[in-house]
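Take a look at the structures listed below.
Each of the next two complexes has chain A plus one other chain: chain B in the first, chain C in the second.
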Partner chain A sequence: MVPLQAQGQGQAQAQPQLLPETLVDLLGLGGFGVLGEIVAALIAAFIVGNIMLTMTAVAGPWAKRKITAAFTDRIAVNRVGPFGLLIIVADAVRLLSKELIVPEGVDRPAWDLAPIVLPFSALLGFAVIPMGNGIQLADPETGLVFAFAVASIASLGVVMGGYASNNKYSLLGGLRAVAQNIAYEIPLIVTAASVVIFTGTLRMSEIVAAQSAPLFSVAGVTIPSWFAFVNPFAFALFLLANLAEIGRNPFDIPEAPTEIVAGYQTEYSSVYFVLFYLGEFLHIFLGGALIATLFLGGPAGPVLPGFVWFVIKIWAVFLFTQWARSAVPRFRIDQLIEIGWKGMLVLSFANLVLTAIIVGVIAA
Partner chain B sequence: MSLEQPRDAAAVERTLGDELETLLGDRVLGREEHVNAPGFVIRPGDVQDVLFRLRDEAGFDHLSCVTAQEYEDRYESIYHLKKYADPTQEVSVVVPTDKENPVSQSAEPVYRTADWHEREAYDLVGIKYEGHPDLRRILLPETWQGHPLSLDYDQDRPQVVPLREHANPLHEDHADEQDADTMYINVGPHHPATHGVLHLKCILDGEQVVDVESDIGYLHRCEEQMAQQGTYRYQIMPYPDRWDYISAGLLNEWAYARAAEDLADIDVPEYAQVVRTMGAELCRIAAHMLAVGTFALDVYGDFTAIFMYAIRDREKAQNILEDLTGQRLMFNYFRLGGVVWDLPEPREEFFEKIRDFLDDLPEALEEYHDLITGNEILQARTIDTGVLPPDVAKSYGATGPVARGSGIDYDLRRDDPYGYYDELDWDVAVEDGCDNFARLLVRLREVEESAKIIDQCVDLLEDWPEDERTIQSNVPRTLRPDDDKEIYRAVESAKGELGIYIRADGTDKPARFKIRSPCFSNLQTLPEMSNGEYVPDLIASLGSLDIVLGEVDR
Partner chain C sequence: MNPWIAIGALAVVGVGIPLGMMAASAILRPSVPEQGKSAIYESGEIPTGTARIQFNIQYYMVALLFVVFDIETVLIFPWTVIYRSALEQGVSLGAVLAPMLVFIGILVVGLVWAWRNGAVKWVKSPRASRRKTERQS
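And then the complex of A and B:
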């Protein structure tokens, strides 16, 4: 195993090989030119997409139940398979075999597109995330901006679903989702920009590489310069804004089961519901992946392979969202907007300016 | 003790009655003596005048209940009035109306709570109230034919109501055709936050509630009529368990026990009173635990830790109640004149179990306070939302934790003592906040007070000499209270004042059995609390009212 520092330096010096390139070499597609690259890219995207979908499948029907049960003194699924793991299969069969109810008066193309837009906007975001061990589909110069841009498309899906459902609860949920996403996306991106000031680049692999230098050593343990340690304030802000962005407690206002039934997804059933659900979990994981990349050194970590560390980190973020779900009450929509515009936005800009000054002073 | 008191009370009542008769002057057509209060017979046209006088000059600010009934020769509405300051001072205003054309003046301008009570009277008995703002059926569907508690009601007549005659809840979109800014929305009857089958017709302006109207009656099970068909001694007692079925069973049973025992002059042995008191307070803890848990559920929005913790602690109370009564929900443990059986053997083990529960309770409550009342988000959500000022609460006849959360120091256990409460050392929990948070605090504090009461009861029961453990007094096999004897008695249930009116007709079954449900009156305050607030606050306010539809609809 390459030591942490050496690994980081290696990445900084030479651009690491991306997954499609590796596949081209591995499968001997080099002779096919552009066509070979496209085939390799599709296979690579298939692999990455399936990794994420598998994680979602574990998270949705099984891990979520188990985690919530642990928080609330219960046992949860334990009858089907070892630790109840086969409930994933049972749930998949159950959900997919249900009748797809199309209510009267729904706005057809929009109503059908919404559940597709939501998960795919999240899946697109994973294209630029370095997952360690060379698993990264693309590494454009504007990687970070791309991730935020595609993740934001989810709002469109939610509004489409809410508006096209021809249901008042859905409409309220859709409108709430837009108001919330706008209010929290700006602090989210501004906070991420403070990280960019440190790194001087939007390229994901370089952001990760910038965090590999040691910050300081305590009793022989080297603390790397992850931005969570360099700027914990920004980390906290990002974590919070991310909760709102993905619509989890205390900001699960677009769904708010006790108020507006299920918000924008009230009218969806069967496969469409699964897609919505999938999209939500993918968004949680995409949020986790962004947090891991921006603040937790990406796939870096001792002993275990990078990909394992990456998975551990995004699951840690998932655990955090579930913890918040079990323990924290929900805000009211007006309070949420107020916190977003009057609190988070001000704090994130303060953080940005402060970071800029500190970086400027160090550079000078 | 129990022998002395009624005589004194009767004397007090007589002087009170004379004073009031002077106040009302020639509006009084005649006097009636109900067991609980003096009754004044007045003309149907004088209702508002008399009630205004009684409210403003004699201080009867609490319209506890409106009973309507039909006699062979007349209809009758009875307004049971009390004082929030002293509920032992009661008066009944009896309004007989014509058999052919039963029209009586509405009391709604005097007491807001009369709105629903008179609607119910109209719905079930058929008396019409002049000047009532909105005299529609309340429990039965709009299309129902006949009034089920009137004497000539034909039970066999089929109630065929075609679908087109029902109002289509999907039809309306706005408050009215001109007003396109508002949105009409149905919360319920199937909705995650209505705690049963309640239908709230809401008009929203964006996220704000412009108007909300409760549509109840989905769980109407004719409890009053069923009680009228049962004999006093055994056949009625199982029903109260089914009114407020959220484990407040013993508290409900006590309402019937108290009314029937006072009606038939039955004494209850002191030992049985202590057992009753202990059981009732266990029920109150169980009920409040659920109230706190579901309220948190409404505010948190998911099955969260606090809900499961509350259920976990409620379970312990339920286990003790199961040991005591043999049932977990429908206890049927009280009997007229006592309780059905003594504490379970071995007694030490039973007491040990209760003590363990009480010992763990402070820690559990600490946890609740850490999780909910100490949480800034919950405070931001609940403080100053669902505001119910004390005078509004009084006008709506709010009782129980809803009234005490609005700073009204009113608790029948202390103010109109029954059972063993006046011998024990405990406090009434009152909060001045008037908001959702205050109601939550009241419930949590009441759990502490109930624990105090149970603790003292266990002390008493442990030292009770073995040969004096009388669980039931001698009660005749068949009870036939005197003809035309009337009584209205209330107890403090988990939700508030649960009152029962019984009129005897010399047989072994009541001629009229009327239930005054605290949830029914408390639910009426919802528009006052929610209008102008946000949808989430409407849900939180509904949760803080802690209604049980089984009791609202009966």
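And then the complex of A and C:
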């Protein structure tokens, strides 16, 4: 094990600079020791948080409507501002200035905490995502596992909100969300493990670096060894399991507007509803960021700067979820459980074992 | 620089953003409490009973399975991390692969057993279906 560790440390020194470190250098906080680092980390975290907030603000009130409208041959928002973009401001003001209605018999601390837990868990996952151009908050050795760990805290927020609301629809929605999350989390993580077999590390920046080598060249165009090309089967599995984790069609039974009103967020209004909505969209983008990092080479791409490519990739995943939302009908809950446990789980383990055998035969 | 400082900072921001939005909303929003507003939403009807009932959650066996497989993934990750470098350092394929195949094999046998015993099947418990017929009469 000793040579392995030495090798790992050697790689760690060759890391590109992280955003807090860049800020320490830029703002001259190096002389303040740990305090300076904390200040720089807070500023960096604020920047990353606001990048993601901006994306959800564009996605939630505007892009989602436009995309769904385009799929169903409508026009959607186009009155306020260019392309209706200022609807974002209008909607933000409208939703924040709504009266907060507290229903009878809600379990108060839990009911208030749930809307904090949901965006918190999704936002925390972005701490380890390399966004290109040195925008990455932290690069711990356990990066990938950390992202999965914090992303699954969201189930807790959902079940808290569902149970505390004292509403039958909310209770059903919360329980459905948990059933779905536990059924699809294992395939998701096991499929990610099959990528780790290739990289041999959980550090996000090294997973990205492992995908930079050229795979093969076709007519002068070099295809990089992104794991979506190296192992397309794992990519498809991860994409599907991710769709279930973020609760989008065909796996949107936790909300299922035609069955249980709005699921776990039925009783939430005003800013609490905004926070639930925000948390959901952050989760979609976190799923997109994980897909981009694990399978699409992270921020790598030709011509454009890395951050632009990163944004393009996670918006491509967002577009995919909206496409599925418009095109695919919803599963029943019993079908969902069966697909998760009998289909996805078996397939993901088959993928892991096959990947291990193929990599082993090639390496040996 | 310790990465957990930055992660902790994002955790602070992650709590701060929702709290800030709540504070902004508290300044903006009106408060007009009326009795009818605070009723639980039940498709416009007057709500009956409470949601805090004993409830057949159907998939508690699935939840047990989840715990088993979740621990399994925790044990698989270290193996995937060292797999390739162990092979490159000359450990034979059998020595690296076989133990994990046996480990996954045991769990797959467990899954097959649970599958055949109907743990992942959506069935109504006799108690739930009896209750349903009672309510209809």
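Note that the second predicted complex is superposed on the first by the 351 of 364 C-alpha atoms of A that agree within 3 Å, B and C clash if a C-alpha of one lies under 4 Å from a C-alpha of the other, contacts with A are read in each partner's own complex, and residues count from 1 in each chain.
Basically, contacts are C-beta pairs under 8 Å (C-beta built on N, C-alpha and C of every residue); 3 or more make two chains touch, one makes a residue touch a chain.
As the structure is a prediction and not an experimental result, all values here were calculated from the model.
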Which of chain B and chain C A:Gly60 touches, first, second, both or neither: neither
First, second, both or neither for A:Val261, with chain B first and chain C second: both
Chain B or chain C, by number of chain A residues touched: C
Which superposed partner A:Gly174 touches (first chain B, second chain C, both, neither): neither
Touched partner set for A:Gly301, first chain B, second chain C, both or neither: neither
Partner chain in contact with A:Ile337 - chain B first, chain C second, else both or neither: second
First (chain B), second (chain C), both or neither touched by A:Ala327: first
Partner chain in contact with A:Asn249 - chain B first, chain C second, else both or neither: first
Which superposed partner A:Phe71 touches (first chain B, second chain C, both, neither): first
Interface residues of chain A shared between complexes with chain B and chain C: 168-169, 261, 333-334
Of all residues in chain A, those that touch chain B in their complex: 68, 71-74, 168-169, 172, 176, 249-250, 252, 256-261, 325-335
For the chain B and chain A complex, residues of the former touching the latter: 183, 185, 191-193, 207, 296-305, 307-309, 312, 371-372, 375, 377-378, 380-381, 534-537, 539
In the complex, chain C residues that touch chain A: 1-15, 17-19, 21-22, 24-26, 28-32, 37-43, 50-52, 55, 57-59, 62-63, 65-66, 69-70, 73, 76-77, 80-85, 87-89, 92-93, 96-97, 100-101, 104, 108, 111, 115, 120-122
Chain C partner contacts - residues on chain A that touch it in the complex: 3-4, 7, 18-21, 24, 34, 37-38, 41-42, 44-46, 48-49, 53, 93, 96-105, 115-116, 119-121, 123-124, 126-128, 137-140, 145-146, 163, 165-171, 175, 179, 182-183, 185-186, 189-190, 193-194, 196-198, 200-202, 261, 266-267, 270-271, 274-275, 278, 333-334, 337-338, 341-342, 345-346, 349, 352-353, 356-357, 359-361, 363-364
